[in-house]
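What follows is a set of structures for review.
The following pair of complexes shares a single chain, chain A, combined with chain B in the former and chain C in the latter.
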Partner chain A sequence: MTREQVMTVVVKHLAEAVDGLDPANIDASRSMKDLGANSLDIVEVVSSSMRELKIKIPRSELAKLTNLDGLVDLLFRTVQESQAQAKAP
Partner chain B sequence: MSTPLCVFEPGPHEGVGVVRMQDAAGKNAMTERFVHEFVAAFRAAEAWAPLRVLVLQGLPDMFSTGAHVGMLRDLVGGRVAPSDILLPKVVFDCPVPVVAAMEGHAIGGGLALGLCADMVVIARESRYGATFMNMGFTPGMGMTRLLTHVLSPALAHELLFTGELKRGSFFDGKSGFNAILPRAEVLPAALDLAARVADKPRVSLEMLKRTLSLPRRQAFEHTHTIESLMHRVSFASPEVLARIEDVHAE
Partner chain C sequence: MKTRVGIEKARVYPTSLALDMNKLCAARAHDPADIRDVMMIDERAVNPPWEDPVTMAVNGANPMLSEDDRKNVDLLIVASESGVDQEKPLSTWVHRYLGLSPRCRNIEAKHACYGGTCGLQLAAAYLASPSAGPNSKALVVTSDQSRTHFGKPWEFVMGAGSVALLVSREPNLLEIELGKSGIYTNEVSDLTRPTSRVETGNSETSLLSYLDALENAVADYLARVGEPITYDYFKKNIYHIPFGGMTLRASRAALKQFGSFTKKQSDAIWEEKTRPSLRYARRMGGTYAASTFVALLSLVDHCEELRAGDRIGMFSYGSGSCAEFWSGLLGPAAKEVAKAAGLGALLAERKQISVREYEDCERERVAYIDSGDYEPSTDGLGGWYDEHYRGKRKLVFRGCQEHYRQYAWS
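After this line comes the complex of A and B, so read on.
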């Protein structure tokens, strides 16, 4: 899975969570709050993304993030680690 | 003297009182102090002679987050009995109809509390859910039955099993909420609904309230017994405390 695919998953769930948000015009350098998500929208976006990507990240790690790019980086890194573990003998 | 967490005040319409939960710092989470002040606010409302309908209001962005994490830790540790269980009874036992104006998010026991009201107005952009199972333990505060007051059993089961927080707009066309409105319109609509009820004779309102709430009051007693037994089992799981801490991590 590529970083772009992870971004697509996150953007899909963000667009579902925030009324009127156009997935084509999301600036990933901004925070989800800046993009119109409230605190519980953010929880649902992250939970749904992790569920779809079949990974789990402690909330203490997620709480350090400041923007969408940071979230996608963390999710992508965790997906890679998960895939590497699955391939390990 | 600190700001009260819950207050009663006469509303803008004749016969309409308002109990407002206003602990912004604590997000209206249920602590022992919160429970005590909630009960006191209802007692003050009931002592107000003109009362015919009571509106239960939270904060604009947060109705209630349910049990405070400290209370959950104590429950898991067996150090306290759940005092928040008093709250549904306070709403059920209020002699006049209660309208819940749920402008803000309502989570777990916070949603249960709102669903104890006789009529419920929610906001399109706020989120509502029964998050108990996300923390690994079975639902409490009567939630296993209260949700079916406003949702079909199948949809109620979906919320109970998944623990998902749904936007108010999700319930459009598939719920029995009295209204699902933009957040800014929730309180005015709840007050208007209350005013349309408040012109009826108090004695008749009291009798109708007791009659209409009877099945839910009976169900609550039954459910509370079962839920308490489930809690004894699920709180004993070593996974539960770790999940509670993870869900409440900043």
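After this line comes the complex of A and C, so read on.
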């Protein structure tokens, strides 16, 4: 899975959560709050993304995030680690 | 023939004081629309200083029980995360003041907001087993109060209350579908109460854990049912209510396991199947282990279309964590049972208090909670004790003498 595919998953869930957000036009350097998500929306987006990507991320990592790019980086890194573990003998 | 077991009667004690969230929002400079529309809370229940988890449990159950009920209850489970003693269980005081038979197992159970549902399922399993006698009944009570969080962002989701469930082979309110239960346990320190005053943790971790547990519990429920079902299998759906707004997120998450829905479709389904369950909870705030049963009374009282045999999906989540998605069938006298519980009237007769009065009640409890010798004041709140308690035979907390807790009928 590529970083772009992870971004697509996150953006899909973010656009579902926030009314009027255009998935084709999202500035990933901004925080989800700036993009119109409230704290419950953010929980929903993170939860739905983790479920779709079949990964779990500790809260201590999530607390450090400041923008959408950061979340996607973290999710992508965890997907890679999870895939590497699955391949390990 | 398969044994039918479930909730014969239920009754909620919503405390006797109410704080309007608009007043709290004004005092804390918080946007009231956020609390009303996103969090979905209008008021919270507040305990006067002479109420504690024991008095709430007793005052919830006492008016509901007949003399025969008191004689036949041989299992009492009191679920709480607000226990008043590390050794002596709440259930012993509750047993005493309800006048139950001495031949009655009793235990205090703790599993955050899941304790009541776990107690109910264990009680139902007992009644369906050969261990129970022909007339055996069980009483499951939850009783909780928040700790003090002045000025914190989560102050708005606090509350208090108890629910009493009489469990028997006459499930007039809700028959439990034995075995149709999806369960998910996962150790996480999302919210904890490490001392008698502290209630701490991370709310985002807890909400993520709630949604994760829900998805896993629903998947387990679907495996247990063993045949393909749609969400229409359920006439209504109740989700644990830390605050009403969470049920919208929970409903969306659960729906994803039943098919593909647009946000609009998903929200319309929540509107029809879950929103009517929030009416009473909106006026109590967080009720911890009681929340799904407060929601059940709300559904039955407000949905004219409900009929005996309708299936209700129930989801409970307790921090720590354990979650259960189970189902029940409405009993033949559900509307009469809910009417007798009279929760709407109990909510209406509470005294509306100011932010100052709420803060005074909380401060007094914080000051005395670990003290071995004290007597709660009954003279504040504009004479509320004399007006609402004196001579009305409610159990009240009289304080401690050398750490012995004192209770009396008002």
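Assume the second predicted complex is superposed on the first by the 89 of 89 C-alpha atoms of A that agree within 3 Å, B and C clash if a C-alpha of one lies under 4 Å from a C-alpha of the other, contacts with A are read in each partner's own complex, and residues count from 1 in each chain.
Here is the rule we use: a residue touches a chain if its C-beta (ideal position, glycine included) is under 8 Å from a C-beta of that chain, and two chains touch if they have at least 3 such contacts.
Remember, it's a predicted structure, so these values are computed and weren't measured experimentally.
Chemist: So in the superposed three-chain picture, is A:Arg30 touching just chain B, just chain C, both, or none of them (first/second/both/neither)?
Modeler: neither
Chemist: In the overlay, answer first, second, both or neither for which of chain B and chain C A:Lys54 touches.
Modeler: neither
Chemist: Looking at A:Asn38, would you say it contacts chain B, chain C, both, or neither? Reply first, second, both or neither.
Modeler: In the superposition, A:Asn38 touches chain B and chain C alike.
Chemist: So in the superposed three-chain picture, is A:Val46 touching just chain B, just chain C, both, or none of them (first/second/both/neither)?
Modeler: Touch partner of A:Val46: chain C, not chain B.
Chemist: Going by the contact rule stated at the top, is it chain B or chain C that touches a larger number of residues on chain A?
Modeler: Tallying touched residues of chain A, the top partner is C.
Chemist: By the touch definition above, which chain A residues appear in both interfaces, chain B in one complex and chain C in the other?
Modeler: On chain A, the residues that contact chain B in one structure and chain C in the other are 17, 38, 40, 43-44, 47, 59, 63.
Chemist: Can you tell me which positions in chain B touch chain A when the two form their complex?
Modeler: 61, 105, 107, 124-127, 164-165, 167, 169, 246-247, 249-250
Chemist: Under the stated contact criterion, what part of chain C meets chain A in this complex?
Modeler: Touch list, chain C to chain A: 34, 38, 202, 204-205, 207-208, 211-212, 215, 245-246, 249, 252-253, 256, 263.
Chemist: Per the contact definition, I'd like the list of chain A residues that touch chain C in the complex.
Modeler: On the chain A side, the touching residues are 16-17, 38-40, 42-44, 46-48, 50-51, 56, 59, 62-63.
Chemist: Residue numbers of chain A touching chain B in their complex, please.
Modeler: 17, 19, 38, 40-41, 43-44, 47, 58-60, 63
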